[in-house]
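Listed next: structures, encoded as structure tokens.
Each of the two complexes below includes chain A, the first together with chain B, the second together with chain C.
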Partner chain A sequence: MKRLSALCLIFTFLALGWAQSASGAQAAGAADDPPATLVAAPESSGTIGKSAEAGTGTSGTGIPDKPETIVVPGDDAGETAPAGDIGAEGEDPGEGEYGEPAITIADPLEGYNRVMFQFNDKLYFWVLKPVAQGYREIVPEAPRVSVNNFFTNLAFPIRFLNNLLQADFSGAVAEAGRFVVNTVWGIGGLMDPASSKQLDLPKHDPDLGQTLGMYGVGQGFYFIWPFLGPSSARDSLQVVSDYFLYPVSYINPWYASTGTRVYQEVNRTSLTIGDYESLKEAAIDPYVALRDAYAQYRQKKVEAAKGNLEPPKPGTLRIGQAQRQLSLLQEPTQQESPNEKEKR
Partner chain B sequence: MKRIVIGLCAVLLIALCLPAYSAPDPMDTVKSYISQGMEIVGNKGLSRDAKIKKIEALYEKMVDEEELARRSLGRYWKSLTPAQQKEFIPLFRRVLENAYIDKILSYNNEKIVFSKQSRTSGNMAEVNSKVIMASKEIPITYRVIMKHGDWKVYDFVIENISLVQNYRSQFNAILAKETPAQLIETLKKKISRKQA
Partner chain C sequence: MKKKNVKAVAIAVILMFMFPGALFAGGMFGPPQTISKKEGGLNTGIGYLRHEDKFENGGTYVVKQNQVYTQAGYGVGDLWEIYGRFGMSDIEIGSFEDNMKNFFGTLGGKIYYPYSQAFGIGAFVQGTYFFSDFTGLVPGTADEIKIRDMWDANFGIGIQATLPCGTRLYAGPFVYYSEAEVSHPASKSTISNRTAAGGFAGIDMPLGKGFRLNLETQFSDRFSAGAAVTFTYF
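Right, the complex of A and B next:
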């Protein structure tokens, strides 16, 4: 009897999934677009959850769990139906408050961090910004962009090594290509011919924090460095490694090296005046806003690297991506729980 | 057994009653709003105030403000009384407007490219776009939800940072210590400070 009801359920879902895919799902996803399949996958996970609920709901207390265990694999195997949206349709959209996984970062040193936030904030408004503004008055935008390009090009070892560490060999080759092209044809990196339409070697910016994150190292706690700004326990390792990989660090004497870095920073700031101000303007609590922005930004970057890790194989596209999606969804909560324990 | 059958019938009935709408395309919807916005901003015949009025009207059509506010408050939404919720929504909009209106008005015919759309769940989708500027590209994702047969924006993800989540983290931090009434006061103060 249980089996019959489960079969009925499967049938219902398949039929509905088919009906829905004809109207709704297709309307949303461009079929030729691989990412569209990528997102079709979590839908089926939504259906699993819902069908399980429906199963227990209808079978009542007498038959616990059974329909669930039958329905779930059945629904998964039913590849034909881009498993309908019933799950989400039936779901009260009003209650799905956490549609997106909450990305958080632990902040046990909040007291220190808030002080350091104030320090960097004042440093920006009292020193860096006025200097950068003066500099901007004197030097037109084009040369400032060139200087920025030059320093970016110079940081090639950081990107190249991290491409290798991430096993992103095509990225490493592209990065090496960019370096050669920009150094030779871009006058030592002042220009960026590699990004031009003809060559189309777009910029990527892999870093050590991302590499570590890709291999499962969590953020750890939030930490604001004086002068350098927001970071975390994990990303602080990057501060160290970048120091050794960045050629400017090897300039002698030390004050020339520091001076170069300061100049680089002033130049960079002259191109981004207004960004920090608007973040602060929009924020109710700027400290928390910046912390969250940092956590979200880093998380997305790590996810992007993970996405590069395993190129989808033609046949297994849907399942593989569904799994990855699921693991991505679960990851923040896994990271969150130890953090919360720490707080208590 | 009876219960199972009844339950199944119920499921079937509910499912069949779902409107077999021919859903409008999320990307087309967002695109049309954005191009309307571009037109308003690019219209040289309008004064700044007139532009702002029109942008506001467009924003009201484009965004599901309650959804946006509710998600931004997260689990604290319910700790606000209905009256406070009603008060909160326009205040929150003013905060956003003050923060972003200059950015919007400074738009100067930069190219906007809509790259893809994807369903995130049954009634939600994401539309990815990019603003292409001379020195950089800014990715903007619009998260939309189906409401009354129309796609409404409920979150903007700018450079990979979700607006809703960013505000949620702030509101959560504030409401962990303060009452909703105090939060509303803070918002009011923030807005009046901008006007002063």
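Right, the complex of A and C next:
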């Protein structure tokens, strides 16, 4: 019954997301008209989060004091758009620091999202980080990387199925090969021989949100899940699919499954301590910074998947490489230590 | 004593006589020289060993054991290696059969001394312990026989020849000791084999991309044979 309720909730979000995308598309179409509602940011700024200072319109309480607006960093002066009108991914009229179109996401639930952001932020700093730091002091890095490898290997069904759904058959074969090699010769996935220089089987890391995006489903609106973090209406469906495709979900009793997931998260956090802090410190409004970073990351991932449908052109970035680079934004690579990340 | 108990005890006694010998040989030994890189590194593998033995005691009993395992080793300088295995095994002795896959663990170490590029000699020691029990019913009865706390220790010396293509041929003698507890509702005893010796020979050849194929046969009372595919981390 709980699962059914969750499914209904997710489908509702998705439906709302589609509706939001449709309105976003209409807004994009209306962009041909004189920009009546667009007001520019004072200066060109590609820095994530800086745009929030002028445009989020909050009064310090996390609650918008007027209809949500997002300032689009760009060269054109004085352009601000109602957030709900620029919800569809990639439909943003502004440009980033390097001339790339800035990517935003509609945020009609900003009040709720800011509360959840604070909740997750406090959860991280008050609970998760101290626990992860203690864990890091006790357990050396190599075993923690191995544990991360193990859980990554365990998520093979998610990657394999989404590779198939994206018609990326070479990716599916590569993922199957990675799973077999890492399970058999990687001691149940603790090691990652598939990534060794002899085998060099790149990791293909698609997810359902990316798959849906590839087939034209827009991100919808921004939504922060408690405990799980940033998501969108579209990507929320991924929460459900991942639940059913991730073997840990089938561990009985339920608290063993939950405990395993908590341990996985603590272990993962122990390998990425500092990443979130850096993002937060660099931003004037961390909420907006995270939201924009999320929207951009997801959009890039969808674009990478779309690129996979076309035959690779000479000199273009291949999907595997693109995905690997993008995945670095979100989670530690298998067998990659934080020191290596710093060097990179 | 009831008739069925007599039968059960008789079978238990037969089992106790049957276990000495090559029955407990625990897995393949591998080439004397580590397959890890010279600077020191990991190697992993999966293996299968089919073990058969025959015992005569008023009748002929064939002992069969299938072992599958995964292995991880760490070797340095082509000179030494330590390794561990974790696997499952079944057992079949005459009418006693336990198809349940029982878990076992193996720890071992080996050293190698190269005479030249092509030839060398090495020694190994290897021990195996079965974590779970083999259980089965006495035929025709509801009585259960348990074989528990099974372990073995092996020591051997091997001579190795390395061909230019990287294929390694090796052979040598080995000795081993094994022990287990056989229990039955009517009796319980610890059995151990007489110190037994045998011989082994094998070939370890590169397959490419870091993989190697290891084929090995061991002989004591009957032939046993196994294969393993290993991977060297570079």
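We take it that the second predicted complex is superposed on the first by the 213 of 344 C-alpha atoms of A that agree within 3 Å, B and C clash if a C-alpha of one lies under 4 Å from a C-alpha of the other, contacts with A are read in each partner's own complex, and residues count from 1 in each chain.
The rule is simple: contacts are C-beta pairs under 8 Å (C-beta built on N, C-alpha and C of every residue); 3 or more make two chains touch, one makes a residue touch a chain.
Keep in mind it's a predicted model, so treat the numbers as computed, not measured.
By the touch criterion defined above, A:188 reaches chain C but does not reach chain B.
In the superposition on chain A, contact is made by A:145 with chain B only, not with chain C.
In the superposed model, A:161 lies in contact with neither chain B nor chain C.
Judged by the touch definition given at the top, the superposed model places A:199 against chain C, while chain B stays out of reach. Look at A:296: by the touch rule set out above, it reaches chain B but stays clear of chain C. Here chain B and chain C are compared by how many residues of chain A each touches, and B touches more.
With both structures placed on the common chain, the touch criterion links A:283 to chain B but leaves chain C unconnected. In the superposed model, A:266 lies in contact with neither chain B nor chain C.
On chain A, the patch touched by chain B and the patch touched by chain C do not overlap at any residue.
Within the complex, the chain A residues that touch chain C are 181, 184-188, 191, 193, 196-199.
Per the touch definition, chain A reaches chain B in the complex via residues 1, 5, 8-9, 12, 16, 19-20, 23-25, 27-30, 33, 35-36, 38-40, 42-43, 46, 54, 57-60, 85-91, 93-94, 96-100, 102-104, 145, 271, 278, 281-285, 288-289, 291-293, 296-297, 300-301. Interface of chain B with chain A (complex): residues 1, 3-8, 10-12, 14-15, 18, 20-26, 70-71, 74-75, 77, 95-96, 98-100, 102-103, 116-126, 135, 145, 155, 159-162, 164-171, 173-174, 186-187, 190. Considering their complex, residues 42, 44-46, 70, 72, 209-211, 229-231, 233-234 of chain C touch chain A.
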